[in-house]
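Structures are listed in the sections that come next.
Same chain, two partners: chain A is paired with chain B first, then with chain C.
This part shows the complex of A and B:
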């Protein structure tokens, strides 16, 4: 990867460019350490609260699980200290808090919701989630340390786009259908949800496309009646995005992923161009497409009907959504306390699919509105860090990449939280860092890892614009 | 060398816009959390569908239910596993109290007050802290306005016939009896050992014993509906108590022609050529006078006045109620009538008019209480470890002036006690007490006996009890329903308190 900088040739030979395996100069990260200690303290209190509620005796609920998780956090922190990176110090603690809440929640739910066998040993819900959480923290920290150049993302945007479309097609052909949705792709022993990875690829592609064509999209107009539009050929990717979003709806029957992709696309398009007209056209296209899809697919129509009035079928289609609202109602302002809520009926939690689709409702019951608002606040902190990293980045590509990655987390959290709270129809996207599931945790870890890498003040400068690029052509024309 | 950021606008401002939009979106989420967690929380967290309510029901003893004299109507017993189930005093109260069954859920007051009986309800502020205490549940005992004695008398008066009796105190709206027959044995439904067989038998029975006829049965009212017409006519000012119609005596012989339909009467030998007023027309239950009054009043006012007394919507009551209607509203005439024929027929309770017995009791109560209708209610007090909360009477508003109400009162007295009224409505009189009432014989069309109705109250000059009696397909109202009403009002006024 670092070879790229050398090949660009035009930039002066870097004097002290840090290398992956270069000399290590440890650099303390006090802010991160302080925040991580706060997280550890909070989680310990949570664990005591959970243990006390479940057993009636004061004590940590699962000292080993919490210990392993905190050790992983300490390891990630230590690795960054040793690597001497000047990366963002707030992202990791924020994510660690959400992941810790996820661990406490999964420990608290019936463990047989998920049983996975690895090497002859079976693991329950919390154990599997802990494995993924540790993996996610490792991935985020590792990416934050070793990614020193963005050219592998920047140069091959169309390749990445092709990979993304390929994944989508693969899901269509080989995906397994669960509850009317085709979200899961299973190849051999490995199964995962491609849309989680797709969202990262989407941002990689969009950042590349928009950073190259920003100027054109901003400055040139085509008049279509009263509308002032950018040059029509440059709208092609927008139409392609629209088609892909609808394709996701068709292939995966998943309105949530489509909403996420298109939302990120429109937000990034606006950030790059500042043109409201483009966003409005995009919205109209999306609404038209969704309406058509709702007419075509029973599954989507049902979701929308449930959203409009779940109480019309409280024991059938509306059951899950209504039970989630009941959970918020039981929680009230202060919550029932960890382990104090979620009354079980016949040994089952009150909300079906609570660990993947309704963790916010579960936390809403146990931590109350106060807890929900705090969780929403942490997501906003993550988004704010990402946007800051984006605005401070060295060039448009990195800016848009960081902004896009931050928006992926923010918009995804919004979509599923809104589904839990009946603000939007319920969709199958996960609550980042909290929902159970490896694909989701790992993909979001990649997002955080890339944000950490992009925040590094000591990283390689971006490559110079290539001669013959659209940018060059444009500026030459402007000069003439 | 031109850098890309040199020519394109900076990303800062647009990024801030996006950040602001996302913040607003998250603020909406926080607002929604507040809406469900605070605003809607009391209603949701106490609903019988709530998981905590269901979970608690198996272990926490439910509150008892007592009648107005303190007789225990519903209590708990433990099965061999130590899990609790309900036992009820008698089948006569099953349609009111309903049942709480592990398998078949809840019905009746057991459903409405499930959260209170389970002990989950309270006010949201104390609830916010109650959950930190050791005693999470505070089951409440319910005290009802119902009299078990009177309820039993009502059920045995109906006997083997299908029907309903509603008795209430017009001054407060307290429901004294709310009987529906046939009854069923709710204890057998609540007992896990007998529940399944009992439920299947009840569900498959053609007599529909699970249907609380007093509140959920909808019946053609026949002539008892004339009181609604009178209320609307006087209330809207369309008629006075002295209003007579010159065409009425002539029409008695051949019927009144309304748009090609003849409204007929059966009383012309008795009244001859006299032009009847409110009192006279009510005494002989004159269909023609009431048709003309209905047409004079107009469909809009008729539906409006009925609506004020509860028609057109579920009643504000402790039990679910069926919606009573004056018309099905399919027409384009004012009020939703198809034409004047429907309006004329509705004015004496035929056409598309359907009512619940409870609704008709409210109509009588409006007259009895001088035009002010009190909200009917059953549960008068909730008492638990945290103290006792009493529920007081509540007005549904003034339906018509006291003067107009007394005019109708007088007409209803005449219908029971007048020389001709006595002939049509025998047996409704409470001896020694001025009694007011109106019988109804609801034709169902085709073959089959009509529904037998009576609504009334006593004493007429100081009403203390209102009654509505319905007996399904039992014949003339004056012959079947009226004597039942007389007996029960007598029992309440003389035998009760």
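This part shows the complex of A and C:
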């Protein structure tokens, strides 16, 4: 009867407004500063190591590039101190260390791998990467400072999903093909890889969908023989997801993105429901799909054949994988030292796509297994921070968003690291924060920025849920 | 071994060492954070925050720590007493089972609502959901923030 009467009067908006515009008090972030100083020292020593090995004289290699990078980090730290938010203090240093390693690596590779011209000046590999790194740090810090409400993500999840599907279709139709993969979208002077942005949109949508329907997925059962499945209509997004992943493989020939999307989807599904049966169904679907794909498409079969035995075609298809394995082998325990690896063959590095697909092999050669383990450790730290932020979040949506964002970075790093090491078939995803490439760096910066914003302890409470989603009302009516 | 080679090796090893010093410091910070979180009492799986209460009892903004079984109603023997003319004496029970919260309506006169929808018997709800008993509205929140 009067149950709905009081609703109109209370809206959280007036209370949250002064908070956004209110006075800003600087808040020191000593832990972050200490860790950043350690990052700076480490990178300076790395630069000395690189410079000494390359020139034969003791000194820093490219002090200007390193200086600009460290100044950008300090700026991001200073801006966060001034903004005074109680956000995470470990994510930025961890990302800064990976970015610094990327800078050292790109300075070390042949500069003419990438040449881009801006305003009549041409920039080489390291300079372009430095520009993107500074941009990425700016994006992450800015998002961490200004994002105070998640309602723009939460409310419009279907809009975001539509944007994502639109991007995907646009790439299908207008994308330019590079190395047999239709990944790059070029509109006028701007070119980028939409699949990098798509992974963020995917997490935003899935977190919204799963948090809204979590109770139904956990609670109700459809029994099929011995299996207890969730209600069948709720499996529809799972099947849709599977179809999209397969579509990416068929049209874009992008095995890595498909693997990443489906992996993140299954992990989030498990995080939301705790039902292992869903994950098992997903894995079975995935294996069936992969088997069918491998039978239907030549390029996928080639990938798998190379993975099983790269030495069957050492100068053709298996060339890259074998060279990467050799690089790891040359690196050994302590590595050849920065600048010590990669004897160039005729002025080219032995691995053609070393700056995008095989940075871990290059680092493995120069820093050895000891260095590679440290790098993988830093990725684990980032994932741990994300999961921790998710556990501490105030409601299900923020939990799932944080967990999904952290897992995107973790799973992507795993896929490409495993590809480099011949643990999984090689796929063309980037190593987050280390690989060369603007799209990849900026998309991962968005992930880190959102994680920073979500980690704030003093943030405004989650918005009130809308009175029942349309879908829920529909199913309720059907059940009644 | 001349000085140059010494510097080269020194820089290489120092760089690797510093990578691990960084990792060790970060992991120490993570452990400290986890230990601090573990020290906080976690015996209460959630809390109810009062969003709206025309009668003033319970007061708006008040937060109730929840037990695994929490009865709500107008009677003083309920864990959360709702002094509202539209609430029944034994109105509803909030329970935490497995990984989920459930609200059970105890055949109250005016019913219980989750996110504005009347529930029929037992219904599951998640953190962030809003429940209404009589004219009093609550939001279910995670205890640790």
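By our rule, the second predicted complex is superposed on the first by the 446 of 480 C-alpha atoms of A that agree within 3 Å, B and C clash if a C-alpha of one lies under 4 Å from a C-alpha of the other, contacts with A are read in each partner's own complex, and residues count from 1 in each chain.
Note that a contact is a pair of C-beta atoms (placed from the backbone, for glycine too) under 8 Å apart; a residue touches a chain by one contact, two chains touch by 3 or more.
Just so we're clear, the structure is a prediction, and the values are computed from it rather than from any experiment.
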Which superposed partner A:211 touches (first chain B, second chain C, both, neither): both
Partner chain in contact with A:329 - chain B first, chain C second, else both or neither: first
Partner chain in contact with A:94 - chain B first, chain C second, else both or neither: second
Partner chain(s) touched by A:274 [first = chain B, second = chain C, both, neither]: both
Which of chain B and chain C A:384 touches, first, second, both or neither: both
Contacts of A:396 with chain B and chain C, given as first, second, both or neither: both
Partner chain in contact with A:53 - chain B first, chain C second, else both or neither: second
Which of chain B and chain C A:38 touches, first, second, both or neither: second
Common interface residues of chain A - those touching chain B in one complex and chain C in the other: 211, 214-215, 218, 274, 334, 337, 340, 368, 384, 391, 395-396, 399, 464-465
In the complex, chain C residues that touch chain A: 4, 7-9, 11-16, 18-23, 25-27, 29-30, 33-34, 37, 51-52, 54, 86, 98-100, 110-111, 113, 115-118, 120, 123-130, 132, 135, 137, 139, 141-142, 144-145
Chain B contact footprint on chain A (complex, rising order): 211, 214-215, 218, 267, 270-274, 314-315, 322-323, 325-334, 336-337, 340-345, 350, 364, 368-369, 372-373, 376, 379-380, 383-384, 387, 390-391, 395-396, 399-400, 403, 407, 410-411, 414, 417-418, 421-423, 464-465, 471, 475, 478
Residues on chain A engaged by chain C in the complex (per definition of touch): 1-7, 9-10, 31, 34-35, 38-39, 41-42, 45-46, 48-49, 52-53, 56, 58, 89-90, 93-94, 97, 211, 214-216, 218-219, 274, 334-335, 337-338, 340, 367-368, 370-371, 374-375, 377-378, 381, 384-385, 388, 391-397, 399, 457, 461-462, 464-468, 472-473, 476, 480
Chain B residues touching chain A - in the complex, by the definition given at the top: 1-5, 7-9, 11-15, 17-19, 21-23, 25-26, 28-30, 32-34, 36-38, 40-45, 47, 49-52, 54-56, 124, 127-128, 131-132
